[in-house]
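You will see chain A twice below: alongside chain B first, and alongside chain C after that.
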Partner chain A sequence: MIRTLAAVVAVALLAGCPGPDSQGGGTVGTTPGLKTFVFGRGQESVTLDPANATDGESVKVIVNVFDTLVRYAEGSTQVEPCLATSWDVSEDRLTWTFTLREGATFHDGTPVDAEAVVFTMERQRDPAHEFHQGEFVYWKDQFGAVEKVEAPDAKTVVFRLSEPFVPFLQNLAMFSASIVSPAQFKQLKQAGGGEEAFTNAPVGSGPFKFKEWRRNEALILEAYDDYWGGRPKLDEVIFRAIPDNSSRLQLLKKGELHGMDGINPADVGALEEEAEIELHTLRPGSNTAYLAFNNLKPPFDDARVRRACALALNLDKIASSLYYGLAVPAKNLLPPTIRGHNDALPARPQDREGAKKLLAEAGFPDGFETTVWTMTNPRPYMPQPSKTAQYVKNALAQIGVKAEVVTKEWSSYLEEVEKAEHDMAFMGWSSDNGDADNFLYVLLSKDSTEIGSASNISFYRSDAVTELLVKARQEFDLSKRDALYQEAQALIYEDTPMIPLVHNALVIAMRKSVKGFKIHPLNELRFHKVDLE
Partner chain B sequence: MSADDRHTLRRLVRHRGVQIGVAIVALWVLLAALATPLTGYDHSAFDPDTALDYQNVPPSWWDRANLPPDVEARTFLAGTDDLGHDMFGLVLYGTRYSLTIGFLAVAISLLVGIPLGLVSGYFGGWLDTLIMRSIDVVMAFPTILLAICIVTVLGQSLVNLMVAVGLVGVPGIARQLRAEVLRVKQLEFVQAAQALGFGNTRILFGHVFPNCLAPIIVLATLSTATAILETAGLGFVGLGPEPGTPEWGLIISENRNLLTQAPWAVLTPGVAIVILVLGFNLLGDGLRDVLDPRLKKR
Partner chain C sequence: MRYLLGRLFSILPVLLGVSLLVFLLVRAIPGDPARNIAGERASAELIEQIRAEHGFDRPLPVQYLTFMGRLSRGDFGTSIQSRQSVSGEIARRFPATIELALSAILLATLIGVPLGIAASLRPNSFLDAGSMAAALLGVSVPVFCLGYVLILAVGDYLPYAGRMDEAVLREFAPRTSFYVLEAALRLNGRALFNALSHLLLPALALSSVPLAVVARITRSSMLEVLGQDYVRTAKAKGLSQRAVVLKHALRNALIPIVTVLGIQTGYLLGGAVLTETVFSWPGMGWFVVQAIGERDYPVIQAGVLLFATTFVLVNLFVDLAYSKLDPRVQLGVTK
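What follows is the complex of A and B.
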C-alpha cells in the first residue's frame, strides 16, 4: 500500500503548499543591529530606471531611491517643493523656471545641479541624446509639450513648452521625472554597460540608496546618510516579491515581513481583528479596473457589441462579491476621487435582454466566440484576476458570447496587449499624479494608441474625444476644464471603448511595530519617515 | 472461458482490495455521470449573478450561524466558493475531466509504450539498446518536470495536458513490457512457433503479447492513479486547462486564497483526488495480487 500512501501524502502536499510560483522559504539575510524594514509585494520590479518604468512595482522602489523637482505632499495630491525650492511660470505659461535646493547630492556624491536635471529630461526628450535608450512611454504623455530644458546656471533650470500644459507641475512630481545621476550613466557606459546597466545600479538623490537586487528574492535599499531631508530612521529597506497572497500574509503574521500590500479581499475582514497588525485603508482609491475591448478587431469595432457586453455585467456584484465590498462600482474610467469625474452619468444597469437585442442589431443574434485576457498575478486594482475573468466569461455566456479565458504572465501580458493582440483584456490604472489628464489622455486618447507601446489598449481612436482631452490639457480655467472632461466622459460612455469595472480600495497591512506610515492617495510608498519599534 | 480463467475471475471477485477499488471507481463514474441531476449544479448553464449571492456558504454540516436567511435556506453539501459554485456539484462535474484525462493519458502511454516494449524485448540487439537507452534518458527527468516541459513546448491546452501526462508514463510501460517479452520469448511455445516458421509479426502479436498482458493491465491501472495525480499537479501550477474549467488541481489552485475563509472550497477537490486515486490504487494492487504469476498460490 506504499503507493497509496504516497498518493495521499502527495495530495496533502498539493493542497497545502503555498502556490505555483512562490518563494516559500527564501530567507533574506538581515544584519543584526540594523533597523531593517521588510516589505512584501506580489511581483518583482521590472526596472529601476525611472524614465522607463511603467509598472507599480518598479515605482514603489523608485520613489524611495529618487527625488523629483516637486513632490506630492503627505496624504494629498498637492505638490510641494522637493529638489526645487521655488518656481515661477511666465505669463504665457510657456516658460517654467525652477530654483534648485542647495546641498542635495546624489548617492555617488555628485551634486544635484541644473545639469543633472537637464540630463534627466533631455535624455527622455531628445532621440539623438547619447543615453536615449528605452521606450520612455511616460514622456510622450506627460511631457510631450516640453520643447527644451536649459540650465542658465548651476541652480536654475528652465523648461520651455511648445504649448500651455495644465498638468505640467503635477507631472513633475511623478516618478518618471525622477532626477538621475548623469555621472553614474557616464561611468556605466565607460565600464561597457549596456542599456540595462542603470537599472542594476541606479543612482538618485532619494532617502535610500540602492544596495542589491537579487531578482525574485530581495531588492535591498540602504539609508543614505547625506540625504538633504535628513537621514531616514530605517537602516535598510528590503522589498520581497512573494506572488501568493496567502503566503505573503502568513509571513506578515509570522513577523518575517513588516508590511505588505496585495491582501486577499477575503482576508481583510479577519485581519481587522488581528492584534499585531494594523490595516491602512483608503476607499475608494484613485484607481480603476477596466475591461478593454480591442476596438481595432471585429466584432469590437462595433459600439453596439461593446455596449452589449457592458450590459451583460453586474458591476455592483463584482464590487460586493469579487472585491468583498472593498471596491465601489465604476461609472467612469476617471475615479470619483479625481477632479473632473462626471458623476451625472447614469450607472450602467445589468440588462441581458437589452444586450441580446444590441447583439442581434449588430449582426450577432447567436453571439460570437472571443477571448478574454487576464493576468496571472493579482494587481492593486484587481486582486482576483482569474476569478474576475471567470465571472465575466460566465456573464457573457448568458448573452451568447462565448469567451475563452487566456492567462498570461504580467510582462508578456503587457507586451502583447500593447501590440493589440487581445480581444478583450483586463487592465487597470492607478493615478500617477491625481490629475484627470493622467487617466483620460493616457488611456483613451488617439495619441496613445501606437501599436507596440500603446497605453490606450482599447485602441480607441475617437477624434472628438482626443480633441476635448487635448483642449483640457491647455485650459487653465479649472471649471472650464472640468466641463471639457465631463463632455469627453459622456462621449466615452456612449462609445464604450472599455468597461470601467470598479475603483478598488487601497489596503496596506503593517505590523503594529511600524510607526510613521501614512497611506497616500496615489499609493506612493515612501519609507523616509517610517520607523520600527 | 477456460477453467484457469474462471479461477482467476473468481479470485478477482473475492479480493477485498479489488472489491473496494471497483466500488470506489464505479461510484465516481456514476456520480460524475449524474452530477447535474444529483446536485442541481449545471456547469454549462451557470448563472454567475445569482450564484454570487451564495458566496462562500459553509457546507450544510458546518457552523452556519450568521448567515442571511435566504442563504441559509439553501443547503450545499460541500459549501460554495467565492464565485458561488456549489463545490460538491463542481467537483463531481470535474470528475469527468479527471477520469477522461486519466484514461486517455494512459491510453497514450500504452499506445506508445507497447510497440516500443515489444520491439525492444523481442528483437533485442542495437534496436533494444537504442530504445532502452533513450528511455533511460527520459526517466532521468523527474516526471512532473518532464510533463511541465512537454506542456510548455506544445502549448497549454486540455489535449496537450493529456499528451504530456501520457508521454511521461511511456517509459514505465515500455520497460515493464520489455521485461515480460524477454521472459516469454524464452518459453517453449514461442520457440515452437519459430520452429514452425511463423513470421515475427504473428509470433509477436499472436503468441508473445497476449502472454505479457497481465502485468501491463496492472501497471495501466496504477498508472491511471498516477495520471490523475499528475494532471491535478499540472492543473495546480497553472499548466492545465483554462481558468474556470472544473479540473480538480485547478480548483484547488484557484481557491487556495480561501483557505482561511472557506476551507471547504479547497478541501473538497482535495478529498475527491484522494478518494479516486485511492480507488485506482486499491484496484491495481488487487489486480496484481491476482494476476501476477509470481504471487500465485501463496
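What follows is the complex of A and C.
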C-alpha cells in the first residue's frame, strides 16, 4: 500500500513538471489556439452587478464587461462618447439629453436602447423599482441630483436633475453607471433567481462577455464578437486571485500570469531590471494620502498649531523612504493629475524653528501631548501606515509635540474617526471620476462633517471654502470653475485643516509579450486593445 | 452501536455551545459589516439601511434564534459581502481543504512514522539526532517561510497556485469539488496527475508540523514499547527484527500516534490559513479569514461551526479506532 502510494506521488511529481514547450511565453493554463490573457490580483471580486459594486477588484472586471454612456478617454480623465454619441444640456442645466449609438448590442443579443438606460438608472434611483435590490452606495453618493430618467424614443435618453451639477457627466463615465441588460434581469427573475442572480450571470455590452466564475480560483471573460468598437484581440481574459504579493510576483516571472497589480513597493526597483517584465508606472497617480487634524479638538482648533505641525514634516523624506521613491510630495489635497489643481501654491519645506515660533505664539512654547491615529492595513495611498505614523511621531517630537501612535483595525478606525474621536489621523482618497469636486467637496466642505458619517474627517467647517466649493459644483464655465477651485485651495492652504502628504504612484506589471496596455490615471484596467505576442 | 449513538448525541450540546459562542464573538469584534460594505463613503442612513436589511438592528436573542432556526433547516444564510448562499460557497471550498489536509496528514504519516521508528531503533545515533533535529525544525519553521523556500527551490518545476491548470480543468469538467477523488474515480489520469502535482507543494508545506510531531511521538512511544518484557521475549524466541518491530512493538505503540494524528487532522481540517494564502489554495481558511476581515457574520459563523463539528467528529473517529487497535479498549464500558 505504502509503496503504491509512494509511486503515485512520484509519478504525480513527474507529471507536474511542465515540459519546455508549456513553459515559455506564459501559456500555462490556457487552451491551445486561444489567446488567453491571465491577470493576477490580490483579492476576489465581490460582485459583478455594477450598481452595487464598491470594491476595486469588482470594478476591474466590470469595466471590461460593461459600457457606460460616456467613458474616460485612454490615459486621461476627460470624458468621450461611448454608448452615447452626443449629448446636450438645457439652458437651466437641469435637463441632459443623450443620443445613443446605433448598432450596440448586449451580450444576450438585445439592443442597447433608451429603455435599457432608463432601466439601469431608475433601478438605482427608484426604491419602488422591481429590481431595486442592494445598497446602491455610489448612486446615493454621486447621482443624488437625478430626479427622473426618461426615454422619449428608442435612441434618446433624458435625465432630469433637481439642481445644476457639473460633475454629472464625469460621474456617468463611472463603473456604477454601467448600462445593464434589462432582458437578462427579467429572464433571471423568471427562472427563479434571487437578487444575487445577476452577479453570477452579468450581461452588459462591453468588449468582453462573462463566461465563468469560480470564486477564489478564476473569473473568466471571453471576447464579444459583435462589440460595436471592434472585437477584442484577446480571446479570453482570466482574473486570478493570488492573495500573497510575493507568490503572485513569482507567478508573473514564471509566466503563469501575464499581468498583475499589488506589487510590494520594495520589489519595484528589482522588477525594473527583469528582462521579461515591463512596469507600467504612473507617478503621481490620482490619489492623495493626508494627515487630518481634528479641527474640533483643541489645540488643533488653532490654525497656528496646525501650520506648526505641517512645518515639522519633511514630505520629500516620506515620499522617498516610506514610499520607496514611488510617491510625489503633495502641496494640495487635489492631485496634479486632476483639473483645478493649484500649482501656484508654494511647497512647504521643513522649518522646525518656524514651527516652534508658531507654537509659542499659539501659547504652547513647550509643545503639548496628543495622539496620531493610523490603520493596521496598508491602503493603496499608504503602503506602510505604522512606519509613517512613527515618522510623524518622531518629526513632531523635534518641535516639542509628544504624539502617541494609536493603531486601529480598519473598520473600527473608519467608525471612530468619522465620530471625531481622533486628534490626528491618516486617511487618503483615490479619485472616482477625475473631477475636483470628488476630492474637495467630499473631503473639505462643511456639508461633509456630520459626526458619525463624516467624509471630511478634519471637521473643517469653513463657510468661505464651502461656498466656493458649492459654487464650483454649479459653474459650467470651466475656466471660471478652475478659478473657484484655485481660490478655495489657497484658503485651505492658509488654514491647513490637514496636511496633504503625498500622491502615490500606480504600478502595474506586465510581461513584455503583452502589447497595447496603457495605464489609466483612474486605475481602470481595460483590456479591449490588449494583445499577446 | 449504542455507544456510537450516545457519542453522536452528546455532540449536540457542544455544537450548541459553539454556535452561541461564535455568534457572540463575531459581534464582539470591533467594527461592523455595514461599514465594511459602505467603506470610506458611508452615510449614516446607508449604514442603518444595511443593518436593517440583514437584521443587525434587532435584539441579539432574536438574531440568535433566527440564526438557529435557519440552521436547523440546514440554511447557513447568505454572505453579506457576496450575497451568495453560504452553504454553496462552503460546498465548493471545504472539499479543497479536505483534500489538502488529508494529503498533508498522509505525507506526515508516510514520512513521520518510519522516521520515528528508525530513530527509536538506534537511539542517540546520528540518524536519531539528525531526524529529531529536523523534526524540531519542522515544528518551528513558520509555514509561510517554508512555503516560500519551496516555491523558490522547485517552483520552476511544480505548480504552486490553484488546484488544477485551467486547460486540464476544462477538459476534465469536474462535477464535484473533490478534484483528486473525482479524477481517480473517473480514471482520468491526466486530471489526477495534474491535481496531485498542484497538491504536492502546499501539502508538503502543510505537513511539516504534523510530520515533526508524529515523528517525535512515534520515537518516544516506540522507545517505551521496545523496552517492554514481551519485546525482549519476542526477540529471544528468534523472531526477525522486522516482525518484532512491526508486529509486536509498533502495534502497541500506535495509540498515542493515532491520537496525535487525530488532533492534527482536526486542526488541518479547520483550514490552513497561511498555506492557503501562500499557495492560493481556494479552501476554507482563506475564505473564513477574508470573512473575518469583512465582518461577514454568516460566513464566520458557518465556518467556525463547521470546524468545530469536524474536530469533534475526527475525535470520535479516533476513539473508535482505539478499540480496533487494542482489543483491551472497550468503548462504552465503565469499570
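Methods note: the second predicted complex is superposed on the first by the 317 of 533 C-alpha atoms of A that agree within 3 Å, B and C clash if a C-alpha of one lies under 4 Å from a C-alpha of the other, contacts with A are read in each partner's own complex, and residues count from 1 in each chain.
By our rule, a contact is a pair of C-beta atoms (placed from the backbone, for glycine too) under 8 Å apart; a residue touches a chain by one contact, two chains touch by 3 or more.
Because the structure is predicted, anything quoted here is derived from the model rather than measured.
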Touched partner set for A:406, first chain B, second chain C, both or neither: first
Contacts of A:530 with chain B and chain C, given as first, second, both or neither: neither
Which superposed partner A:395 touches (first chain B, second chain C, both, neither): first
Which of chain B and chain C A:118 touches, first, second, both or neither: neither
Contacts of A:328 with chain B and chain C, given as first, second, both or neither: neither
Touched partner set for A:46, first chain B, second chain C, both or neither: second
Which superposed partner A:180 touches (first chain B, second chain C, both, neither): neither
Chain B versus chain C as contact partner of A:507, first or second or both or neither: neither
Touched partner set for A:246, first chain B, second chain C, both or neither: both
Greater chain A contact set [chain C / chain B]: C
Shared chain A contacts, counted only where both chain B and chain C touch the same residue: 8, 11-12, 15, 244, 246
In the complex with chain B, residue positions of chain A that touch it: 1, 3-4, 7-8, 10-12, 14-15, 19-21, 244-246, 264, 266-267, 270, 314, 317, 320-322, 350, 374, 376, 384, 386-387, 389-391, 393-395, 397-398, 404-407
Residue ranges of chain A touching chain C (in the complex, touch as defined): 2, 5-6, 8-9, 11-13, 15-18, 28-32, 36, 43-44, 46-47, 54-55, 135, 137-138, 140-141, 195-196, 199-200, 214-218, 238, 240-244, 246-247, 250-251, 254, 256, 408-412, 414-415, 418, 427, 429, 442, 450, 452-453, 455
Complex interface listing, chain B residues touching chain A: 46-49, 52, 55-56, 82-84, 222, 225, 229, 232-233, 236-238, 242-244, 249, 252-254, 256-262, 266-267, 270, 273-274, 277-278, 281-282, 284-285
Residues of chain C defined as touching chain A within the complex: 30-32, 35-44, 46-47, 49-50, 78, 81-84, 89, 92-93, 106, 110, 148, 151-152, 155-163, 165-167, 170, 192-194, 196-200, 277-280, 282, 286-287, 290, 295
